[in-house]
Amino acid sequence: MKAFVMKKIGEVGWVDKPVPECGPMDALVKPIALAPCTSDIHTVWEGAVGERTDLTLGHEGVGEVVEVGNLVNDFKPGDKVIIPAITPDWNSVEAQAGFGMHSHGMLGGWKFSNIKDGVFAEIFHVNDADGNLALLPEGLDPGDACMLSDMIPTGFQANELAQIGYGDSVVVIGIGPVGLMAVAGAALKGCGRLFAVGTRPDCVRVAKAYGATDIISYKDGSIDSQILEITGGVGVDKVIIAGGTVDTFAEAIRMLKPGGVLSNVNYLGSGEFIKIPREEWGVGMGHKQIVCGLMQGGRHRVEKLTQLVVNGRLDPSKLITHRLQGFDKIEDAILLMKDKPADLIKPIVYC
Amino acid sequence: MKAFVMKKIGEVGWVDKPVPECGPMDALVKPIALAPCTSDIHTVWEGAVGERTDLTLGHEGVGEVVEVGNLVNDFKPGDKVIIPAITPDWNSVEAQAGFGMHSHGMLGGWKFSNIKDGVFAEIFHVNDADGNLALLPEGLDPGDACMLSDMIPTGFQANELAQIGYGDSVVVIGIGPVGLMAVAGAALKGCGRLFAVGTRPDCVRVAKAYGATDIISYKDGSIDSQILEITGGVGVDKVIIAGGTVDTFAEAIRMLKPGGVLSNVNYLGSGEFIKIPREEWGVGMGHKQIVCGLMQGGRHRVEKLTQLVVNGRLDPSKLITHRLQGFDKIEDAILLMKDKPADLIKPIVYC
Amino acid sequence: MKAFVMKKIGEVGWVDKPVPECGPMDALVKPIALAPCTSDIHTVWEGAVGERTDLTLGHEGVGEVVEVGNLVNDFKPGDKVIIPAITPDWNSVEAQAGFGMHSHGMLGGWKFSNIKDGVFAEIFHVNDADGNLALLPEGLDPGDACMLSDMIPTGFQANELAQIGYGDSVVVIGIGPVGLMAVAGAALKGCGRLFAVGTRPDCVRVAKAYGATDIISYKDGSIDSQILEITGGVGVDKVIIAGGTVDTFAEAIRMLKPGGVLSNVNYLGSGEFIKIPREEWGVGMGHKQIVCGLMQGGRHRVEKLTQLVVNGRLDPSKLITHRLQGFDKIEDAILLMKDKPADLIKPIVYC
Amino acid sequence: MKAFVMKKIGEVGWVDKPVPECGPMDALVKPIALAPCTSDIHTVWEGAVGERTDLTLGHEGVGEVVEVGNLVNDFKPGDKVIIPAITPDWNSVEAQAGFGMHSHGMLGGWKFSNIKDGVFAEIFHVNDADGNLALLPEGLDPGDACMLSDMIPTGFQANELAQIGYGDSVVVIGIGPVGLMAVAGAALKGCGRLFAVGTRPDCVRVAKAYGATDIISYKDGSIDSQILEITGGVGVDKVIIAGGTVDTFAEAIRMLKPGGVLSNVNYLGSGEFIKIPREEWGVGMGHKQIVCGLMQGGRHRVEKLTQLVVNGRLDPSKLITHRLQGFDKIEDAILLMKDKPADLIKPIVYC
């Protein structure tokens, strides 16, 4: 069986692997559509999760069930399914407490292409099929549906963590695919004015289509000074960080109202500390919440978000700029993500 | 000064009244646009708030400030303002607890056309101007803006009380103007499938435009049996009651999932008891929440909801089917509400 | 293997049964201490869950693991464990949504002595051992620990559903063992004045020991009239129903402030409708929430509540009025629950 | 009229001032009991709020109303009242949004001894009497009641911000009077194991009396290493910072579970940045919330917290180590706070 792997830090390639075994609660799935993620790039070229040898990459995909364990009730071979990037152990105490993504330890629900092989293989394994698969609705393009694995749940969670309410003013920093989904998700929480921070023309165009009312370029000055000027020094209700670095937080706090929320869903790859400016944080008394989180995983969440797509409230296809044909195009797709041509938002591979 | 009043239960008319006095925190306002509300009909022809003599009617309006008290900081004569139907006493303990609409007693924030004169007068009084007025944004039609007095906050609150989350399935029972705003507000909370229950063709058309995916007619059978059939017996996540009677609740509970919420914003004018079916309520253990509430009032809320309109997320003009010209057309407008011609959703009077 | 069963509605007795089979995720447990519950009485003598034949009774117990399935990681034979009355299917969509007690359908997490054999057997089966067992802490009396199966989680959930905050005034209606735990739990949420409604002298004494500040007897008039008189007509912030009937709700709504919560954890065994008085419910606009729920089940919850006991914040032994020795005393214990002698709160059987 | 003031940074003293004027919504109050606060020390000797000239100090007090404005309904001369340290403008949009302490700008509800004269005067002024005073209950010692001005609401808010639930493990860093109230408040939210971090023997003794189960000394190693060792590397559910510096946050994050909350109520007097360790924060995905806030102010809050005291759930007298007699002893009291003798927790002055 062919799999596209991280051979070691800085190197990818194809290897042959045995078909994985299917436990009693699990499923084996063959891919229909796959998408690479910026996390794959971090994993391979930045060593973000540490050294790995021949780890199959990929955690975004739609596929067809080929085998299920004998304790699986709700899925059978032939079912077309969406696979969430995060596949919790649902009976863990963490999941029972509402944090399945941290089952058995921080980020422990992130298994694919991290602590076990990912989905870029001719057959891949999914733990807890009943808990972690969702049926692909009839008529939904499998490539579009791939956005339900990670981009939509990650971007949308930012808005839930931020507790966006009707009419809130919101800044979304970063308009790559996750940031764009944060923009779409903020509009779908009934925000008011929605500032999107970014410069790439295609991303700007899509941000507007998803509901951004204002575009801010960091080339025109610091983000916070621009936002404070526009808002007459008042700032905004919510700031979502979906791009940038550990240094982005200081700007975010400065443009945030007391009682506001800073919500981060950006993977922070380097830097020892996030730095919160003491004075603008109200000397520790300003009620400026700081929250962050890995996306929720599992079946229920994918089913819910799928309802947004099938009921016409969210069109994920706007994210997809490159659609490649053939399982072996995975390699091209991941290199696109690595090289980030100007017109790229998100590539998809139909297998 | 002319005012359009409830002379007694069952009778309306014009009277002359002195211009109201303006307290140190208050404002006097002359109307620019006014709208009658179904509550005015309840008040006059059903005696809903009890007997009243020459009570000025009306609680939905946009106007121009003509006088402010000496403790008012943020408004001045000439300012064009939106007036919320509910004008809390903001320093009451109830408001401090988050329930300004019940300041100094249940429903105590409802002052206009209830415990003091309403807005259907050449000059009307607003308590606590800084706390209860909001500036009319430039370029926003005053008639459309009248929908921010009551229809939008009442309908939208239903969705907040229902805690609608991404992808939730929702039923809205009743698609008069409040129900239509509940529909629009559910879509603006990112619901999934959205069933609107109603039959009048104009309302059905507008419900679809605001985001309803399915229309249910009570003429085709009980609502709950239809919803349960469509959902394969599972029911929906949230039910919003924006029309019907005390008997509507039993149907609502039957179609609601465990863990769901029934949210009522319908004024219940008659009947001794709301009846909750014991078995379908899980013999008292089904986690089917029942919530209700008068709209939030005050400046902050209107300002927030105004952001939805000025940022293009909500178009209230779809509600307005009749636009009348001239302050004296109030009478025609209220009779329209009373007679409910087939093509009526909401009338507006430009003064 | 001996088991104490419901032979049919109205009849209990001992039968021989085969030892249950242990699935790959499950455990078999032999009892150390067991307690009957009022629900067992409802089940047998009121037919509350319908007809059953030779259904093993009981859902409150502490035991020793005798066998685990091969997918169980955290428990092994010899471990002493607390068993929650509710044992959810943790990978169900309902559990993922936060409602494990309704996994695969309303009340579906309630398996013991309902849809499968209960714990009153020499060996009993527990589904999903890792998800549903909790270790018995060293030094904790197994009889006292039995209160963690149902009485504590049921009573304490009432306070969570009621969202009790610092200083809230609370009425707890019913001071049987669940009501007493609601009293203790309200004090452990920092309530202020705490009215307990009941008359049995032993229960009254224990209610005071758990934090009740006032005792109300329904023999002195309707509960709501007494509470309204004491509070000067204002009412209370929260009402918890842990006893009574479908008719108790009307009284509860009458004594509740706008913005308050009525929280029910009482099993409602008869009556077609719960009746909510329309006017006192603010004609549908009074913000008087009505919530109810089956206890949360599972390991995490038991572990959390156990922390209250081992850290000395809650002493469950005050509930236990009768301690019987020997597995065969189950029968006596259940008849005690049925006959309710004046000095009974809760009996325990050490096996 | 005599007032005890900050003459300039680093200097205090007595001055004569005119009696303040009483606006239509306001009250004038003469003190019955007063307490200095660590904030007064920061204000004077660290210049925490900037330079001030002859600013009357003090924001914790109980007094007798001597005059009220003509719009005040609920208080009259002769009433004995508790005065909260924070006195919001209740009709501000911030207060309407739930953040009265930030009315008209961050920390804007903090008026006494900050943006207007404080309570250390023979007569002091309270803005919005109906909104910001609370009656002193009969039989409650005025000195004890002074703890309701700031120590109790500040310490207790920490637990609300931390969303402490039944059985949560909690660390409280700092056991000065605010930290001790955080300890008491955590127990009154039903926490489980409760680690208090501090070394002063009197504070340790009181921390245990208020519910701490474990005492941690920073002299025995870093706090996080001790907590992680005790908890087997798992960490705790909630960390409350009520002492320390901007550097305390890194330790707090390290000992916090994913899904946990770090809640700060410590005034952070120096340092440019609070530093959050990137890796232990889950590279931005660990769901470790960081919250902070100035105490809630106003009447409703004081009334609620007073209920804890009058119902015997909280005994503030354990905080008070020094009780001085005579208004002129303010000076001694503030110097006690400045010099912090070993046996000091909180001094009170009876006037």
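Chains: A, B, C and D, in written order; residue numbering restarts at 1 for each.
The rule we apply is simple: a residue touches a chain if its C-beta (ideal position, glycine included) is under 8 Å from a C-beta of that chain, and two chains touch if they have at least 3 such contacts.
Note that the structure is a prediction, hence the values are computed from the model and not measured.
Looking at subunit A and subunit D, the chains that touch each of them are B, C. With B-C and A-B as the two chain pairs, more C-beta contacts join B-C. Separating the CA-averaged centres of subunit A and subunit B is a span of 38 Å.
Multi-chain contact residues of subunit C (touching two or more other chains) are listed as 97-98, 303. The residues of subunit D lying in touch with subunit B in their complex are 23-25, 71, 90-93, 95-98, 100, 128, 130-132, 298-301, 303. Touching subunit C in their complex are the following residues of subunit D: 156, 160, 165-169, 185, 187-194, 211, 213, 303-308, 310-313. Per the touch definition, subunit B reaches subunit C in the complex via residues 48, 94, 97-99, 101-102, 105-107, 241, 246, 250, 258-259, 264-278, 281-294.
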